[in-house]
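Listed next: structures, encoded as structure tokens.
Shared chain: chain A. Partners: chain B in the first complex, chain C in the second.
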Partner chain A sequence: MILKFILNTFILTMLTFSLSAEETGSHEHSEGEKGLTKEEIDEGIDHHLQDAHSFHLMTNEETGAHYGFPLPVILWDDGLHMFMSSAFHHGEDLVKSGDKTFMLFHNKIYSINESEPIFISKKRDTTIINKEGKEEEITVTDTIHSYSYSEFEQNFISHEGHLPEEAFIANAKPIDFSITKNVFLIIVIGLILFLMFFFAARSYKKHGYLPSGLGRFLEPIILFVRDNIAKPNIGEKHYKRYMGFLLTVFFFIWIVNLFGLTPIGVNITNNIAVTSALAVMVYLITTFTAKKNYWLHIFWMPGVPVPMKFILAPIELLGTIIKPFSLLIRLYANITAGHIVIMSILAMMMFLSSWIGSSLSFFLAIVLGILELLVAALQAYIFTMLSALYFGSAVDEGDHH
Partner chain B sequence: MEKLINEFSIGMFFWQTLLFLVLLFLLRKFAWKPILKAVNSREENIQDALDMAVKTKAEMKKLQTQNENLVKEARVERDQMIKEAKETGNKLVEDSKKKAKEEADKIIENARASINSEKNAAIAELKGQVASVALEIAEKMLREELSSSDKQKTLASKLAEDISLN
Partner chain C sequence: MEIPVMVGAGLVVIGAGIGIGKIGGSAMEAIARQPEATGKIQTAMLIAAALIEGIGFAALFAVG
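Moving on, here comes the complex of A and B:
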């Protein structure tokens, strides 16, 4: 009975979705120029994946009103510049702070001078023969065009134009320490995590050794990290030192990934800077807690002929950097790919604008959503697992060889 | 790759590092430490209880065998004691019997002796009494016979006759 009801609701939802998709589709087609083009969808996906300077929830296309709230912008450009992101008016206005003028364009802030032109350039790699007669690879920057600000505004901001492919604005970018959408969400998630585990920890005190409520749910996961990740990879003797980092990184990545799947759509782990920061921490912890045996295995690999030792040393040394690097790329790529696929399928729903195609892609999006739910936990597990493995190699005392 | 490098934001890196370290510090202090401590002590408690159970079981078994041995020993001892007691009892009865018999014999002997002596005494007394009674009778008869001069004369004559006869 219940199952039938759920099924009916599901079919009904699919129908509504496909119908509304068809409606918007035809509506947009009738307007001709305003239909979603491939570039626009690409741009939309790209935009969705990118960080932003304000917390933007939605835009009313008809009235042009934006819903969301501004976040503080903190810039370093020969001095500290701080203001709220609302000052940019979603990129429509320039912001003057001190003696500098800043422009927000496609989520990036540029330092410009209204009287000077804005350069749009294109990068290409070329090989040239240098003075010593050797081949040298250089990056040549071609200026495609230079616009005055008013021209730029006319072409790219007012009409929401796009820069030509592979082109970028060559003007200086200040170092951006803004509390962006991602930073804001990291703070929020950090708070959630802290409160969650703080109360879980407190519940132990109330009932002696037994947790209650949230703690009862979280304890098996904590024990999973301890017994299935930390202990087998690091070993009974040293695992306790790393538990704090492993648990924090596991829950951080997991919760952050789950948030990325919500309609708020903030993807923190698909920001390369975030995964880099985590990987750098793993590298530093591995390096600074490493025991003698770890360095011995890098610089003077036991059990191989002496000439081989000299060959192995640089390879092993490089390996220590490649290991955490693979961590950052793996996490970044997995989450980004997942989001791109889901959003592409959702975009397909708009494109197909037919009864069967749309519901099919809707169904596909749901299946992929479930898969992403799994990936969210899996990536947290893999990151933690590999970190533990690296820590394990650092403290390995070679007694089980 | 170029896109990746382009996407890399120093600010984001900075904030992520800072916020993560703060989170790590706070969680470590207020969550992981107390939770893991509680879990560890709970596990230790369970382990202790289990060890204790095993130990107690072994002890119980030991006690049981000890008890069994004790019971066995007690049984043997009891049997021994019963046997001894029986023997002692028997001996006692035998002894008493013997003693009683001896005593009885002695008493009988004594009784016999005293009866004899009593009898002898009684006989002697009776003899005496008979003699005195005979004397008395003889006296009485004499008195009677000698109460008159005739009689005295007769007697005297008779006596004289007897004597003369002799």
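Moving on, here comes the complex of A and C:
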């Protein structure tokens, strides 16, 4: 009965969605306009994946009004410059702070000088004859165009134009310490995690060994990390030292991934800087808690002939860096790929603008969303599991040989 | 320049797919033979699959 009800609601919703999509589709065609073009879709996906200086939830196309809220911008350019990102008006305005002027273009902040133009450059490979009379390949940067700010604004900002392919703005970028979307959400998630575990811990104090409320939900997960990840990989003797890190990383990645699936559109783990920071922590912990046996296996592998030991040492040493590197790439690429696939399937709705395309993409997006829920937890598990494995190899004392 | 890179990436993805498929298949067989070791087999399977996946992503980066 309930199942039937859910099914009916689902079909009804799908029909409504596809019908309204068809309506807008035919409406657009009657006006002789196309749906979104490929470039617009590409740009939309790019913007979804990138970090930004403000939360931009939606834009009213008719009035041009933006909805969202600003975040603080903190820049270092021969002095500290602080202002709210709303001052940029989504890139439509310049911001003067002290004696400097800043411009926001495609989520990047450039330092410009109003009297000097904005330079657009391209990199190009060329062959020159160097001092010794030999040919040498070098990369040169050519300025292909320079605009004054008003020209630049007319060409690129008001009409959302694109730079030519492979071109970039050559103006100086100030050092950016801004509280961006990612930084903001990391702070929020840190607070959420803190409160979660604070209340869970307090419930143990109140009721003795019987957890209540949040503790009842968290206890099995914590026990899972301890019994299925830490103990088998690190060993009974040493696992307690690493539990703090493993639990933090597990819950952090999991909750961050779940936040990435919400409509606020923040993807923290598809920022390679975040996953790099996590991987660097894994590397440092492995290196600084490693026992004698770990270094012995790297520099003087026991049980192989002496010439082999010399070959193995550099490979093993490189391996210590490759292991955390693969961790960071795996997390980053999995989440990025998942988001690109979901966004592309949603873009199908805009691209085909017919009721078949819309309902198909709606259905596929739901299925992929469920899959992403699984991936969010799985990547947290894999990251924790592999770091535990590396920690285990660091403290392994070779007793079982 | 573009096409060979893409073909190479495709080959890597095929290889990674075969690898992960073999791991999954063997794990299934192993679980069928010894259902009591399911937990351990699953763990080992996920680790091996994750390691291969890393190589697959290297191909993605070569294209991207």
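We take it that the second predicted complex is superposed on the first by the 375 of 401 C-alpha atoms of A that agree within 3 Å, B and C clash if a C-alpha of one lies under 4 Å from a C-alpha of the other, contacts with A are read in each partner's own complex, and residues count from 1 in each chain.
Assume contacts are C-beta pairs under 8 Å (C-beta built on N, C-alpha and C of every residue); 3 or more make two chains touch, one makes a residue touch a chain.
Values in this document were obtained by computation on a predicted structure and should not be read as measured data.
Once the two structures are overlaid, the count of chain A residues touched is higher for B than for its counterpart among chain B and chain C.
When the shared chain is aligned, no partner comes close enough to touch A:I118: not chain B, not chain C. Once chain A of one complex is fitted onto chain A of the other, the partner contacts of A:A290 are absent, as it touches neither chain B nor chain C.
In the superposition on chain A, contact is made by A:N228 with chain C only, not with chain B. By the touch criterion stated above, A:A388 is placed in contact with neither chain B nor chain C. Once the two complexes are overlaid on the shared chain, A:S326 sits against chain C while remaining clear of chain B. Of the two partner chains placed around the shared chain by superposition, chain C is the only one that A:A337 touches, whereas chain B remains out of contact.
Interface of chain A with chain B (complex): residues 50-51, 74, 123, 168, 175-180, 182-183, 186-187, 190, 193-194, 197-198, 200-202, 204-205, 209-211, 215, 219, 222-223, 226, 240, 243-245, 247-248, 252, 271-274, 276-278, 280-281. Here chain B touches chain A in the complex through residues 2, 4, 6-17, 19-24, 26-28, 30-36, 38-39, 41-42, 45, going by the rule given at the top. Taken in their complex, chain A has these residues touching chain C: 228, 232, 326, 329-330, 333-334, 337, 378, 381-382, 385-386, 389. Chain contact summary for the complex, chain C toward chain A: residues 39-40, 43, 46-47, 50-51, 53-54, 57-58, 60-61.
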